[in-house]
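Consider the two complexes below, in which chain A is the common component and chain B and chain C are the respective partners.
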Partner chain A sequence: MNSVFSNKTAITIFVLPTLLIFCGIVLVPIFVSSYYSLLDWNGVGKGTFVGLNNYAEMFNDPRVLNSIKNSLLFAAASIFIQLPLSLLLALILASNVKGEGFYRTVYFIPVLISTVVIAQLWSKIYNADYGLLNSLLESIGLSHLAQDWLGQKHTALVASFIPTLWQYVGYHMLLMYAGAKSISNDIIEAAKIDGASRIRTVFSITLPLMRPILKVCLIFSVIGAFKVFDLIYVLTNGGPFFTTEVPSTLMYTTIFDTYRYGYGSAISVFIILECLVFTVIINKYFKTE
Partner chain B sequence: MQVVLQKKRNFTKYIGKILLQGFLIIVAITQIYPLIWLTFFSLKDNSEIFSGDVAGLPQKFLWSNYTKALSDGHVLTYFFNSVLVTAVSIILVLILSSMTGYAITRMKWKLSGLTMTTILLGMMVPIHAALLPLFMVLKNLGLLNTYWALIIPYVAFGIPMAVFILGSFFNGIPRELEEAAVIDGCGIYKTFFFIVLPLVRPALSTVAIFTFLSCWNELMFAVTFINKASYQTLTVGMMSMVGTYITQWGIIGAGLMITTIPTIVIYLLLNKQVQKSMIAGAVKG
Partner chain C sequence: MKALLKNTMVIILALGLTGSITACSSGSSEATQQEGSGSIKLTLWDQSVGNTDPSAKLLPQIIEKWNSEHPDIQVERTGTTGEQYKTKIKTSIAAGEAPDIFYGMGGGSFMQPYIKSGNVLEITSYLKNDIKAKMAPGMSEAIETDGKIYTLPVYTHIANLYVNTELFDKAGAKIPTTYSELLDAVEKLKTAGITPALIGEKDRWPGMYWYDIIAMRQAGNAAVLEAFKDSAKWDSPDFVAAATKMQQLAKAGAFNSSMFSMSYDEMLGAFNAGKGAMMFQANWVNAGIEDPSSAVKGKVKVIPFPIFEDGKGKNTEIFGGAVDGFYVSSNTKHPKEAVEFLMYLSEQLGTKGFLAGAGLPSWNTDGLDTSGLSTLDQSSANIMKTATSFIAWWDNILPADSAEAHKNLIAQLLAGDITPEEFCKQMAQLKPTELSL
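== the complex of A and B ==
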């Protein structure tokens, strides 16, 4: 029996191809990126080793700092607007409301759509001449508010956050819904018998028991904000005047438009570290055990 | 008194329910209306888009936008490429990760724990990290502008999640089933392919859906590794299409719809399974 389940040949056949492709494409490149980040290199020939110079330059580069600030704003908006809204929807849907399945299905649809499509769609919604938003404003008599939403410095960042909110609210809703539904009905019933109001039950029973899933949502939205690329790349490509630039789009332009391979790699390493650090912090302050 | 109070309570309850439904319906409209608008948009011509009723139904349903997008706009090519790349990626992810997940969770060898940890580490790696090194490798191997330039990375980045999901399903299979198979004379391959794999069919479809969504919608690799129109996938194709048809919005709208429809159809058909797979993808601890 044991000889069957410890068949060395079978294990090799089962594991080796996966391990090779995984290490070659996912793991090794991280180390390679870290190495590139120590070079001054334009992709042609050999780069010169410059140590941590790229990192030093990064933290003095207003464009990098600005992109980091933007991604932090994205993260903050996700935490303080998207997650509470998702939570509210999840709690309502989990409370046996009429049409539960229908709403869950509809809210989730934007999650599945390619971000490229979403970005194109919203750039049409925001369009100054024939966009949906401006014509809606006109039809309710607020035409003085109509403007070029993505083209102006003071509206562009907010305007590019809203599609993300729209797209992922359903995703967080679904996760939280699943979390809320997994709470045993007995506990809720017991609270009811003890005379706890609905609101009280939510705050004292449901939310504490949902901690693990809330943590997952928190991590996802923060990391998602740091990694956001598709939407910005298609919607504004960082413009106007870098007001919507985020680290990933800056990394992309640095590498593929200005051919600063080393500097771009330093930014990509920064993104990985940023994600890692925040995951650890959230895990630490949001202990679930 | 009692009756009046009861009535009053029923009334507030009733109003509350209506308000709640109203709120849920407004959210539902917000979530779905932009897509309906896109559908209308894709059936209009320029003059109607620019001057007509922006929000309303098209006066005449211009299906020719779709045929134009498919033929002139290369959308058919993009579509084919997306289907090919996505399908091959899904098949490879399923084969590789089910074998590996099985070997790690159910077979006995020293390094299984370490292998699992290594692979799961991959779930934390943002694809940004690998972009430039992969670009250099693919360039040096002459693989840029081939299907493999997308399939190989998609498979590699799909593996961690797939191994995780399949692994936890394999763990749930009773040992006795495998042992009975072996006693009946099955070798390890037969046991795996004919006994174990059919048992985890739901997990396989979960992984397939997950892989479908990430490959079908992926942009960063697709835009970096492919610049020949004949190999572009829908996401990249849409971007170049916007450049070409800059003045013909209806056609672009049709292209966007063609990109979206397969996903929506799959979702509406496999609604529960899709939602399950998204939850499974998140609850990785």
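== the complex of A and C ==
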């Protein structure tokens, strides 16, 4: 086996196909998009080279700034609500509770369902006329709280965060659960013998040993928040009045509804940069040995 | 190399974006494939796939008939639902991979960039006078762009007010013919606990229909056409008055409180379930209202939008008249055969579709048996006969980015976020139309 791994030809043969496909469908389009982002182009015909004008316009466009603000809020909600929730569930699940397999499956189901289906499901839950949420509020005597959740400026953003947070709780839970489970029982038992309580074990043993997996979850959930598209597109399409708009939905509208391929490409390049910068930051401040 | 890069990028964009969206409704796209031994294969893309869309049933029949009569020219059809269709066709034209024949939205800003950049085949020289003679009056002029012809008409669509007579009777309201009667009806319906009118403003164009007809009734079609060419004219007393009326209706509670989260499809569903008394839409909703599954079948009347006591518009000035049709790609390898099929398809679908209630005819219908048409279709056709002028959908007339701005401004107006004066000031900033009206 070692001879295979040290053989450069073998490595090339095995890696090349994947590398080529990866370049073709990931790297090349990124560079092409970066080139388009320097054009004033309607998608057909000839584009005019405008240099960095699209980027300059982006940072003066209140709609873009608002969408960036929303994606940052979204990332914050993922970090401070979704991940702690996943961690809590993972730790409970990993502590040999009854029906471990059952709960693991149940929490993972939303991850398997297509996001579009989930968005449809939640838009029915939120529906102002026949929605489950309003009916629930009415049945417990809180009918004054019933409202058009996705149609109002002050509720739409929070209402569209909840389904995504909910959808991926199971995913992060499973990663963390695997991390917690992989900690050797000997260490836990040694802590027990030393007289550590369960809480103390979690903070002194489990969490520090889960650092690598926690970092992965953090990166995934931040990048996921920056890239979110399908759920917002189906739930609100960025509305009402751009309150739920994120860079990816704005990119879509700009390219396909207003025919501004250049400007839309600039937004897409921004999304890539945003994800890269945050990945680097997280890696830097969350070092693992 | 550059073309390859461009193709790769565009295909990926299309796959990545549309792939996740098309999954949203079951049966949203279906394809009919015709196997044939013919030497020439033509591809056709359209957006008629809805369950209650009569064209969705007719298209396969027409193509099957053509294929059996022309063994050497076989047509293969792919249907995709509305919003996704737009993305799909835009992407494939940009990639230079458009099908031979495709459906295009009414001559306005949707097709304009493709006509300008030479992606659409000019068919003027293929058309003989006999085909023009088969069209309804005015149609051969309506499809011309700067004296050239790129498409043949299929249907015409016009927008009118749909009223649920049962709910009006229940509320003791009179079917409105003037603005003050409209306000009166809104109040009576509200008192009776009925939603007066439905707007699916999540998609933003249903709300645009309301403002556009109100502006046309207030200022008259001639003034609107002037303003399309010179945007500064949007900021004039007539349009301020129109915006004021629109906001007044919204404040009076004329529209469903859930409008900003309701999509166009949900709006149709709600109206067909009897959940709202009025809807301002084009006659493509007729088939759904008359469908056996509809709760309001036979209870709905279609009327011209009320006139305004202080307005310059008349009720013979019509919102609509847009001519939708199929286009031939300039990349096609068989232009002659494609145009031949285009002529066959347009006339067949235009006349048969009219009889099936898909839209008003763009073709001469003398001698056709129209007794099977629904009351809604007949009254729509009668309203169209009274027309003295037409203005098509404004988002098709304005350039694409101005159209987006127009729709967004109307949403803000509906929500009471901007005053009518501010609305008109911002309308005056829009780009003028690129079409020769």
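For the reader, a short list of remarks on this structure follows.
Basically, the second predicted complex is superposed on the first by the 267 of 289 C-alpha atoms of A that agree within 3 Å, B and C clash if a C-alpha of one lies under 4 Å from a C-alpha of the other, contacts with A are read in each partner's own complex, and residues count from 1 in each chain.
One rule holds for everything that comes next: a contact is a pair of C-beta atoms (placed from the backbone, for glycine too) under 8 Å apart; a residue touches a chain by one contact, two chains touch by 3 or more.
Remember, predicted model here, so these are calculated numbers, not experimental data.
In this overlay on chain A, chain B clashes with chain C.
Look at A:272: by the touch rule set out above, it reaches chain B but stays clear of chain C. After overlaying the two complexes on the shared chain, residue contacts for A:151 are found with chain C alone; chain B is out of touch. When the two complexes are overlaid on their common chain A, residue A:162 makes contact with neither chain B nor chain C. Touch criterion met: A:237 reaches chain C, while chain B stays clear of it. When the two complexes are overlaid on their common chain A, residue A:92 makes contact with chain B while staying clear of chain C. Within the superposed three-chain arrangement, the count of touched residues of chain A is higher for B, of the candidates chain B and chain C.
Of the two partner chains, chain C is the only one that A:44 touches; chain B does not reach it. Contact with chain C, but none with chain B, is seen for A:126 once the two complexes are overlaid on the shared chain. Using the contact criterion defined above for the overlaid structures, shared-chain residue A:257 touches chain C, although it does not reach chain B. By the document's definition of touching, neither partner reaches A:207: not chain B, not chain C. On chain A, the patch touched by chain B and the patch touched by chain C overlap at residues 24-25, 28-29, 32-33, 36, 43, 114-117, 120, 129, 229-230, 233-234, 252, 255-256, 261. Of all residues in chain C, only 5-6, 8-9, 12-13, 17, 20-21, 23-24, 86-87, 90, 93-94, 113-114, 116-117, 119, 201-204, 256-262, 270, 275, 400-401, 404, 408, 411-412, 415, 417 touch chain A in the complex they form.
Chain contact summary for the complex, chain A toward chain C: residues 24-25, 28-29, 32-33, 36, 42-45, 114-117, 119-120, 123, 126-129, 148-152, 156, 229-230, 233-234, 236-237, 239-241, 252-253, 255-261. The part of chain B that touches chain A in the complex is made up of residues 17, 20-21, 23-24, 27-28, 30-32, 34-35, 37-38, 41, 49-51, 54-55, 96-97, 99-100, 102-104, 106-109, 115, 118-119, 121-122, 124-126, 128-134, 136-137, 152-153, 155-157, 159-160, 163, 178-179, 182-183, 187-189, 191, 213, 216-217, 219-220, 223-224, 234-236, 238-239, 242, 249, 252-253, 256, 259-260, 263-264, 267, 271, 274-275, 278-279, 282-283. Across the complex, chain B is touched by residues 1-2, 4-8, 10-11, 13-15, 17-19, 21-30, 32-33, 36, 43, 89, 92-93, 97-99, 102-117, 120-122, 124-125, 129-132, 135-136, 139, 166, 169-171, 174-175, 178, 213, 216, 220, 223, 226-227, 229-230, 233-234, 248, 251-252, 255-256, 261, 264-265, 268-269, 271-272, 275-276, 279 of chain A.
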